[in-house]
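Just below sit the structures, each encoded as structure tokens.
Two complexes come next, and they have one chain in common, chain A, joined by chain B in the first and chain C in the second.
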Partner chain A sequence: MTTGIELRNLRKLFEGHGHASWAVDGVDMTIGAGKFVTLLGPSGCGKTTTLRMIAGLEIPTSGQILRDGQDITDQPVTDRDMRMVFQDFALFPNMTIQDNVAFGLRVKSKRGKYTEPQIQQRVAEFLDLVHLKDHAYKKPHQLSGGQKQRVSLARALVTDPKVVLFDEPLGSLDANLRKIMQLELIRLHRELGKTFVYVTHDQDEAMAMSDAIAVMSQGKVMQFGTPREIYDRPANRYVASFIGHAHIVDATVDSKQADSLTVRLGNGDRVGVRGKADAAPGSAVGLMLRAEDLTFTDTAADAIGGKVVDSLYRGEYVEYVVALNGNSGVVHVHARTDLPQVAHGSTVALKVNPAKAHVVVH
Partner chain B sequence: MRAFGNRSLVTTLAMSVLAFLYAPILVMMVFSFNDSQYTGLPFNGFTFRWYEALFRDDQMLTSIWNSVYVGLGVVVISVLFGVPAAIALDRYEFPGKGMFRRIVMLPIVLPGIITGIALLGFYLTIHLRLSLYTIMLGQGTALMCVTITEVFARLQQLGKSQAEAAANLGANDWEIFKNVTFPGIRSALFGAMLIAFSISFDEIAVTFLLTGRENTLPMTLWSLLRREVTPEVNAVATLIVFLSIILIVAGMYASRGNANEREA
Partner chain C sequence: MTTIEQTVEIKRTSIRSARAIERRRLFLWLVPPLAWFTIFMLIPYATLLYTSLGHVDDMRFIPGLSLDNFVRVFTVDPYLSVIIKSARIGLMTAVFSSIVAYPLAFYLAFHVRTQRLKFLIYLLVIVPWWASYLVKAYAWKTILGSGGILNVGMQSLGLVHEPVRLFLYNEFSVDMTLTYIFTPFAVLSIYAQLERVPTSLIEAARNLGADGWMIFRRIILPISVPGVVAGAIITFSLAFGDFVAPVLVGGPDSVMISNVVINLLGVAFDWPMAAAIGLVIISLGLLLISASGWLEERTQTRF
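What follows is the complex of A and B.
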């Protein structure tokens, strides 16, 4: 028996006004108990719909949802004991903050579980946890966006669910507050040991917070893995270019060794790549080159040649845009700011870190 | 205001519109206190005589009560059927939903006389005895559309995420209605009730056709007015104006108290 949540070939069709489309199109995934798992993808790729099906707010067209081995596909939302933090907070406007947080403890299905003094105490405890102790008697419209978000979080956590679902909870907050809340959520996940399923379109957020990320596109999971796997070893061109804006250069496999291979670019330059790839010599592949894995070098041997066409001063580093020789592609290079500036139009040689270069087949 | 150019011109215009609207009502109020048999100048002195006469006039009192009774009945009918209909419209997709939403306004758009004739024919066919209750039923079914439209609009504006949040926290359907849906629609519902009551209160076409022996206030006034505008009529009208003002203020207060709370 697997503990946690298992999605089996989950699909959702939305029909309306004469056309139908698959919002979620065959998602398979296992979300381990106690893990922080993120669904990442551009807007409209089916993240919210997947999350809502897990919560029971949307009925799957086909497929199964299992919880600790049991089929919960048809279990009503009210009985699922998974709490959702909504994108628009969905606080109850007519109730005080305190009553909002207490709501999940006062419903009939929880009756008898807590006495009123226990409820009061628990609510106070969780308002304290999200630093809102002083706002207990205010109404939601008197709070800022970040505060509302924390009420919504307290309201979910106070009922002690095993699973908490987040739908872009930080989407409406400004960058500073978002960073603070990210740390806060990581802390809560570590301290409470609950399963967090998190939806975001922000890859930095996903990378920083998650144990595992499912990169989604058009209702499908393109790759499911740890942030490191997804960043360093993207399974396909889509994931490679979506995460960290890698540049993918068309290449051909030149030769294969035991645990490395050599690829040839259109202009004849060769690049060594560590690791295995599912491609025979002579087949066309994509060579993923990230800006931080490229360095300027003086020796032309084992390097790829190009010409600087643009440079951007980024504060932390200088970003050069380099057009590879023979129109083989464009890459970006991050260089330390204390190195001498490379002039526009200069011919340069680039050294690729073989441990970080990566080949994508699809 | 600069866009409109001359500020004093705008003020004058606004004042004259207000005067045009409310001066006749004010005059009527003044005459209700005039110590004279006839509505008109000169002003002979201040008196409560017409109000006293009013409260001794059984026919008048009965018809006022009948109007209030019918109005309340209409409110009850339009709420009992209108709210569930609005919720169903908001929540469920069913064939012909778009059509239903448009057609529901028909009773308001149709001239009252047409609705009245249609209902009369229907009641006679099913052998329903005409009484205050047939008026209630007739007006109630027609005015239900006010409740449906107002409440439906509010439900659409509220969205479903609050109700979903409540369900997600383990609330059952009744708890969701009590804690989320009802507080959300309360002010819209109150507004719709006021509108339904006040339309019912001065409705004459449908009432005229559907009433049995009893008379409502507008019908009594109508028959009195065939002869002349008596000071007693002015007195009733004045009372109704004050009652309306109270209702309007109550309605404004209710919707303002709710406006902040609607989005959170």
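What follows is the complex of A and C.
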């Protein structure tokens, strides 16, 4: 028996104004129990629709959703023990914070699960968990955005669900608050051991919090892996360019060794890449070069040549824009700020960290 | 070279003169609304008050400063009892309108998916207002009367053998007619409030395991209260001041306060008494609007 949530060839067709399109187009994924999994992608990539299908708020056009091995595709939203945290918080404006948090328990209490004193105690406990016990008798409109989001978190967690779903929960908060809430969410995930499925378009957020990330585009999962895998070993050009400051330079496989290969750029420069790639010698590939993996070097051997066309002082580092020789691409280079400034127009040689250079085939 | 004090003084003077110009401009802007207010509000009300304090002697208006007419409103039959009856009809209209309007407004706000259908239903709610009030009130005669649809239908079904005369020419038929005519106001008022409920609230409640009834009772109904109150106030006020329905479908005893005022202005030629009743009703209206304003404010949900 598999635990966690399993999506099998999940699809969702959206129809409207005479045309139809696949919002989600064949998603296969296994979300392990107790994991923090993020669906990442630009708006319209199908990540929210996928989440809403897991929650039961959207009915899949085809495919299956399994929960601990059981098919829950047709289970009504009210019966799925998964709580959702909404982007607009969706707090009940006519109720106090306490009643908002108690709502899910009162629903259950109708089935005789909790007595009123138990509800009160549990609500107090969870308001304390999100540092809001002094606000129990306020109405939602009296709270700040961050506080509202914490109420909505408490409301979701108080019923002790095994799965918590987050639909861009930090999207409407400012940058500072977002950082604080990220830490808070990581802490809650660690302490409570629940499965978190998280939707965001913010890659930093996804990288920092998740056990695994599914990068989505046009209704499909482009890559599903740990943040490290996705950053260091993107499966294709889309993922490589979406995550981090990666530049992809067109190249041809020159020669292939047991666990490394050499690629040749358009201008004839050769770069060694560690690891395996599913490409035969002579085939066209993309060489992913991240700014932090490139360094200026004095020796022209085993280096790629170019010319500095721009430099930007970023405080933490200096970012150089380097046009590679022979019009074969543009890369960015991050250099330490205490090194001497490289003048515009200077010819430079770049050394590539072979452990971090990566080849994408598609 | 100017000192700091001089500079500050120059600034102060220029600010003062700028303010003077502002004041003159403000006055110009205030003239139209003030004129409007004087011509259409102050003068008519003052005339009403002036008239109500005098009396009529031998078909001639004698100005005076007597409160007799106001005392008569509350002591001489049938003025007070007719006001109470009008209020009762207004209240019934408000209650029935809310009951009829709520489900439609609810359906319109939560169940109509396409914008086109929403517009169509919205139009159907408003369209009766393009027809004459008289025609609509008269139509109820053909529904409720002895030869009306209701009686003919019941007879042909064998439910009754004689036409039932209870439907028409009484307070109930006035209630029905006024409810029919004024319900659109309640629909629009309740709909406007229900429209404010974000879909995510309902989704959040369902996600927490709430059934439809609980969502309605705990979330939608409380949020919609101000809309119901506003609609009820409008329908009450319109029904309270009505004078056509009692004439067309009302019985001999369903005279409403506006009919009394019309009589006083016409046949009885007692303008001061009519003015006094008018002022009493306006005062009651102000009281009612203040009370409902307070109630709406108290029950309004802030998002």
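Details
Methods note: the second predicted complex is superposed on the first by the 358 of 362 C-alpha atoms of A that agree within 3 Å, B and C clash if a C-alpha of one lies under 4 Å from a C-alpha of the other, contacts with A are read in each partner's own complex, and residues count from 1 in each chain.
One rule holds for everything that comes next: a contact is a pair of C-beta atoms (placed from the backbone, for glycine too) under 8 Å apart; a residue touches a chain by one contact, two chains touch by 3 or more.
Here the structure is a predicted model, which means the values were calculated and not measured.
Because the two structures share chain A, they can be overlaid on it, and in that overlay chain B clashes with chain C.
Residue contacts after overlaying the shared chain place A:22 against neither chain B nor chain C. Judged by the touch definition given at the top, the superposed model places A:114 against neither chain B nor chain C. Within the superposed three-chain model, A:104 lies in touch with chain B and with chain C [touch as defined at top].
Judged by the touch definition given at the top, the superposed model places A:148 against chain B, while chain C stays out of reach. In the superposition on chain A, A:317 makes contact with neither chain B nor chain C.
On chain A, the surface patch touched by chain B in one complex and by chain C in the other comprises residues 55, 57, 77-79, 82-84, 86, 88, 90-95, 103-104, 107-108, 110, 139, 141, 155, 159.
Here chain A touches chain C in the complex through residues 55-57, 77-79, 82-84, 86, 88, 90-95, 103-104, 107-108, 110, 139, 141, 155, 159, going by the rule given at the top. Those residues of chain C lying in contact with chain A across their complex are 198, 200-201, 203-211, 214, 218-219, 222-223, 301-303. Of all residues in chain B, those touching chain A in their complex are 159, 161-162, 164-172, 175, 179-180, 183-184, 260-264.
The part of chain A that touches chain B in the complex is made up of residues 55, 57, 77-84, 86, 88-95, 103-104, 107-110, 139-141, 148, 155, 159.
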